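The following pair of complexes shares a single chain, chain A, combined with chain B in the former and chain C in the latter.
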Partner chain A sequence: MSRFDWLSEYLARMQDEMILVRRGSARELAPAHLLEIDAEDWGRAAQLAASLDYRWAGTWGDHRGEQIVLFACLENEGDYLVLRTVVDTATPVLPSHSPWYPAADRPERHLQDLLGVLFSDHLDDRRWTRHQAWSEASYPLRQDYPLAGQPQDETPPDGDYPFTRVLGSGVYEIPVGPVHAGIIEPGHFRFSAVGEEVLRLEQHLGYVHKGIEKLAQGRDPAGLLRLAARVSGDSTVAHSWAACQALERACGCRVPERAQALRGLLCERERVANHLGDIGAICNDVGFAFAIYQCSRLRELWQRRSAELFGHRFMMDLLVPGGIGVDLDQGAIDTLRHDHARLRRESADLFALLDDQPSLEDRLLNTGRLTAETARRFGCSGYVGKASGQAFDVRSANPYAPYDRTPMETPVLEEGDVMARLQIRAREIDASLEWMDRLLQSLPEGPLQADFRCAAAAEGIGFVEGWRGEIITYVRLDEDGRVARFFPRDPSWHSWPALERIVLGNIVPDFPVCNKSVNGSYSGHDL
Partner chain B sequence: MLRILYKVLRTGVVTESPPAIGEAELEKVGIEVKRHIDARFGGSLAIREVDAGSCNGCELEIHALNNPWYDVERFGVHFVASPRHADVLLVTGPVSRHMQAALQRTLAATPEPRYVIAAGSCACDGGEFGVSYASCGAVENVIPVDVKIPGCPPTPLDLLRGILAALGGKDSAADE
Partner chain C sequence: MGDFLSPAGWLLALVQALLFALGAPLLAGWIKRIKSRLQNRRGPALLQPYRDLYKLLGKKAMVAHSASPLFRAAPYIVFGSTLVAVAAIPLLAVSLPTAAVADMIVLVGFLALARFFLALAGMDVGTAFGGMGASREMLVSALAEPAMLMAVFTLAMSAHSTNLSSVMQFNLESGLILRPSFLFALLGLVLVAIAETGRIPVDNPATHLELTMIHEAMILEYSGRHLALMEWAAQLKLMLYGVLIANLFFPWGIATRLTLPALGIGLLAVFLKLMLLGLLVAVAETVLAKMRLFRAPQYLNLAFLLTLLGLFSHIIMETGT
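Here is the complex of A and B:
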């Protein structure tokens, strides 16, 4: 199978449907293939893609004076297609993708709130990211909107968000958040329940919107990376990496092999740390405290090693455009291999034990089930997708360095319940440990950084499999080599709406464990 | 059950025999914290954590305070689910404008006497995010702050030092 051997069919079908492709390019946004179409065909291009079962992976827009340029990313058989179109800033109206792809619902509402783009046949005209910090008629991502905005001294609480009401005898609402009971990020959940059973869950996110996309504008590459590292602190390596890829592709910079390998090592370390934490926390949410103590003990050891060898417990700010700022000597490599062997031993012990607990089975099996069909329609990736039969993983489906030379085995399960999401994490820990050992066996020699020169008026896109799943990052540089547009698409955009489906029919007390099994990022989503 | 017990026994108490960095210091700071809590809070300090806009990095380190290596409950520090039960608000993040009212209301729900600790660079001075259309910046721009703990994110030991500083202990290196 060669790359893009399905594209000719899509193009032929577009011709049948009278969708005019103005321009195509395999190079401009490589590895994605770019197609420019007219705004009036925007919806039908998505309808066609949906009929061919392509996965919808994200949308973003870019205000450029008189025009707003819109992008949508689709994926099929591991290849990425980027659709691009242009609307007038004066009349920024075009058809929506949401009738064909439920995954497009919130991302398009985010564009509506921040760029003032109007999707004419969008099924839900409510705001999404905007609460009360800016007015309905102003759009922070427009070029003429100042970063400082026109804030009031006190931003009023967002009390009148129009939740969908569920009416009926015995139906009651449970409002939860934004301040939650645990040590977690803020967001609002509105449950409609009868007795203990959840009839409907509606999320209201956007509480940690920090203006990341706006803040990026005008920064130099180093400044952009400081921001990318803080899109979601638990995914600092993965988001930094995706931003680096986008910058490096925009500027035609080839990253040395040793740096690529070390980036992979750091990203897998991040995956192992977070999966360990989640496995413990999922078990803890059903009262199995033993697991959280064991897992948090192992995670702490792992993070201390990161601090010792890389200078930071989360390995923050280590990636630089063109390479990486840390190296490993032979002693460090031996230490890591020793750690891997130890963790493999301990986790084998622990996972066998978790597999054999009737009380865990009772609470996790069949709880919070996400069907393969829903996972596909919402474009879920990472452990959420993989636990529901979606085999896609950027590392294996569209391998970037170092996964091209050192392939990664990625697990997939069909059950789609909390237990499956836990098991995918356990298997990914095993796979990452095995992969890191293979990588360290033949760590390429050579420099750690290439000479990175900022290009003018260039754009690039990055695709990285973070621990939560696929991250897509778009960067455009202006004529002075400063960042004009930065859009990091965290996988949580796709797992949050899936959670609304996952909890249906479950009991309210099982919501925490369902939520933890998905563990969407608020910060990565709210931006 | 036997296998769990076996694993527990074989793992041992990691809290008392830690092999790595900074444990002597942890014990020192921890015991100092406990002394203050015993003297001024009847042996127990209740903390309500509020993420007012953080990237979740600080939350991970605050979580770590409860892992078996740090196990801050042994010093009398515990995290509670409601501000109404709290002696301390531990606030992270630049305060997003969308969280401004929620943070103010959380403070209003916290009984006096109380301390507010701003944890992490963003909470101290706005960090990478600063003040913008979407962010109020530092926590002190929204509610009064008693102690600041810098760091991106602050390590668990930094956090414990900051808690000690809030209690008026000598180890207030973090209170700058």
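Here is the complex of A and C:
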């Protein structure tokens, strides 16, 4: 398949629509194709892309003095297209993508809160990330906003978020969170229900906003990676990898093959560990505790091995710009292959047992169904998308090293219910184990790190399939080689809004299992 | 019927009530222990429920600003009425002085009283979870109570009495006869017991998910000694149903005379019976996932149907000549 054979059609249609493409470049943000358009065409370009069924994958902005540069990422057939436009800082108004792409709703509101960009025809002008910690007229991502923030003595309570009310006889609201009874991240859920049936769910997130985008400014590449590893702790390898890719592409650094392969190994290990934990947790949420203890045991053994071989249970801070900070000797490779064989055996037993539980099946089948159409409209990737017929996976659709040399089989299911999301995880564990075995069989020799030299005034973009799905990371370096802009787009931006749809028509007590099957990251989303 | 004025009888009744109150946490601990074993883990010690109760009793009770006096009174009422209910049940011996009030309908009444206040307390503070738990509890109990009464009536029709002590004595005297009506009533009562004590597959006592809770949602706002009493009452109720099932349907071993050896055998028998029941509960909770909430009515309808069948089969097969 030749890449980008659809692009000429898009360009031709743009010409028909009188959308002026100022500049196009295949190199600036490779592997994505960059198109620069006028701000007034911003909405129509999205409308056109939506009519051609392109997937909307994210938006971010970059304040550069007099101007704010805005980006939007689209994907079709595994190829990425980045639209770019420029607005004046004094009048930062442009059309919105949200009328055509529901997934654009929250990212654009995030931009509105942090950069002060106004989307003229946005359907929902409520704040999103902004809580009471900073005032309405100050925009933290603007260059004139201090890096240390503007801390207040006391943050006022955040009680006036205008939730959409559902009116009618017998309709009542259930506020849940932000503090939950279990040890999980904070987030608020507002249910409108009649009896036990959910009529509407509205999320209010942002409670773990850490100012990651602002904190990145002025860091050197090593400092950026320490930050990227902490965007979402359970995806530390994937986020580090995406940041590495962006940095390395910005600086034109070629990473040695052995380092690429080891990065892949770590990322798949992270996937296996998290999927194991999730499978147990989904079963536990319907009262089947046996599974969580078995899965936790397997995951614990797995993570202890990570600690033994790589020095950290979650494999945090192992990736460095230009390579990787750990190596495997032959003994370690044998240990890993032995582990894989054992996990394959034990998980096969366990998954067969889970498949054979009528009471479990009764709870998981048909619960929390996400239709393929909704999944597509929200641009869901990872297990949420793959359980609903969205086959897209960066590793197979746009293979980056080491998946180009060692291809990855990615499963896809059509049912879209909780059971399908559980089965996708089980199959991905199998696929990852098999892939890691193949990788270890022919682990390339060579150096672990390339000489990484920071380029000045460069930008790059990284695309990595983390365990939750596609991660897109944009990095721009300033004239001194320091980070000027860092935006990690976690797949949770797309799965959280999908969850609001998933629970519709389900009963209130089934929400926890629906939520667990989606398992969005609060931290990765709130930034 | 026992001698009303026998001091030994009253003493024994008191001992029996104490045994009930002190043994209930042990049964809960036992089930937890077996469950842990079945899940391949060590699990908490058998005595952990006692430690938890001791800890909670020593802690300050936090009460929400919006709570009315009912919220503070409810734990005592719930615990008190459950304790009175268990005190009347023959645990070691039949024909105790308390047997006079050990009527099955009285028992159901005491339990209903406890539940009434539990549900009120759940709604009192005004949080969404308490109200949700209370409404679910009412849904379950409205369906469980008729089934329980029907099981009671099936037994009563054979024994010609609704008195627990008399039913047990009737069973002892008639020996081991396989009565279809008793079998149906037993099955129905087991289903009711599982629902009423908030076990899997109806409710999950170990969950931390507010939205799925029934019993736990009602006591979510309780802390300290209030919580201890609520938990203890729940453990009592669990043991109550255990003893009810064990002694009504399998009364063998229970003391009919108030002699020390007979009572010793009675204690040992009920201990073993409860251990066995606990084992069965733990196995069931390990192999089953929780039902979807709207399956609970179907489940309880099944219980009702079974007990109704018991009643019919008694009329059809066991009466007349």
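Here is the rule we go by: the second predicted complex is superposed on the first by the 527 of 527 C-alpha atoms of A that agree within 3 Å, B and C clash if a C-alpha of one lies under 4 Å from a C-alpha of the other, contacts with A are read in each partner's own complex, and residues count from 1 in each chain.
One rule holds in what follows: a residue touches a chain if its C-beta (ideal position, glycine included) is under 8 Å from a C-beta of that chain, and two chains touch if they have at least 3 such contacts.
All values reported here derive from a predicted model rather than from experimental measurement.
Chemist: Name the contact category of A:V208: first (chain B only), second (chain C only), both, or neither.
Modeler: first
Chemist: Determine, under the contact definition given at the top, whether A:A181 touches first (chain B), second (chain C), both, or neither.
Modeler: In the superposition, A:A181 touches chain B and chain C alike.
Chemist: In the superposed arrangement, does A:R363 touch chain B (first), chain C (second), both or neither?
Modeler: A:R363 contacts chain C only, not chain B.
Chemist: Let me test your reading of the model: by the given contact rule, A:D510 touches which partner, first (chain B), second (chain C), both or neither?
Modeler: In the superposition, A:D510 touches chain C alone.
Chemist: Name the chain, either chain B or chain C, that contacts more residues of chain A.
Modeler: The larger set of chain A residues in touch belongs to B.
Chemist: Please work out whether A:F290 is in contact with chain B alone, chain C alone, both, or neither, and reply first, second, both or neither.
Modeler: both
Chemist: Take the contacts of chain A with chain B and those with chain C, and give the residues found in both.
Modeler: On chain A, the overlap between the chain B and chain C contacts is residues 181-182, 290, 293-294, 297.
Chemist: Going by the contact rule at the top, pick out the chain C residues touching chain A in the complex.
Modeler: The touching residues are 35, 38-41, 128-129, 132, 200-201, 204, 206-212, 220, 285-295.
Chemist: Residue numbers of chain A touching chain C in their complex, please.
Modeler: Contact set of chain A toward chain C: 172-176, 180-182, 196, 283, 285-290, 293-294, 297, 357, 359-360, 362-363, 367, 507-512.
Chemist: Can you check the complex and tell me which residues of chain A touch chain B?
Modeler: It is residues 131-134, 140, 145-151, 154-158, 178-179, 181-186, 206-212, 214-215, 226-227, 230-234, 236, 277, 290, 293-294, 296-297, 299-301, 303-304, 307-308, 313-314, 316, 349-350, 353, 356, 521-523, 526 of chain A that touch chain B.
Chemist: Can you name the residues of chain B that touch chain A in the complex?
Modeler: 3-4, 7-8, 11, 14, 20-21, 49-64, 66-69, 79, 81-83, 93-94, 96-102, 104-106, 127-136, 152-153, 155
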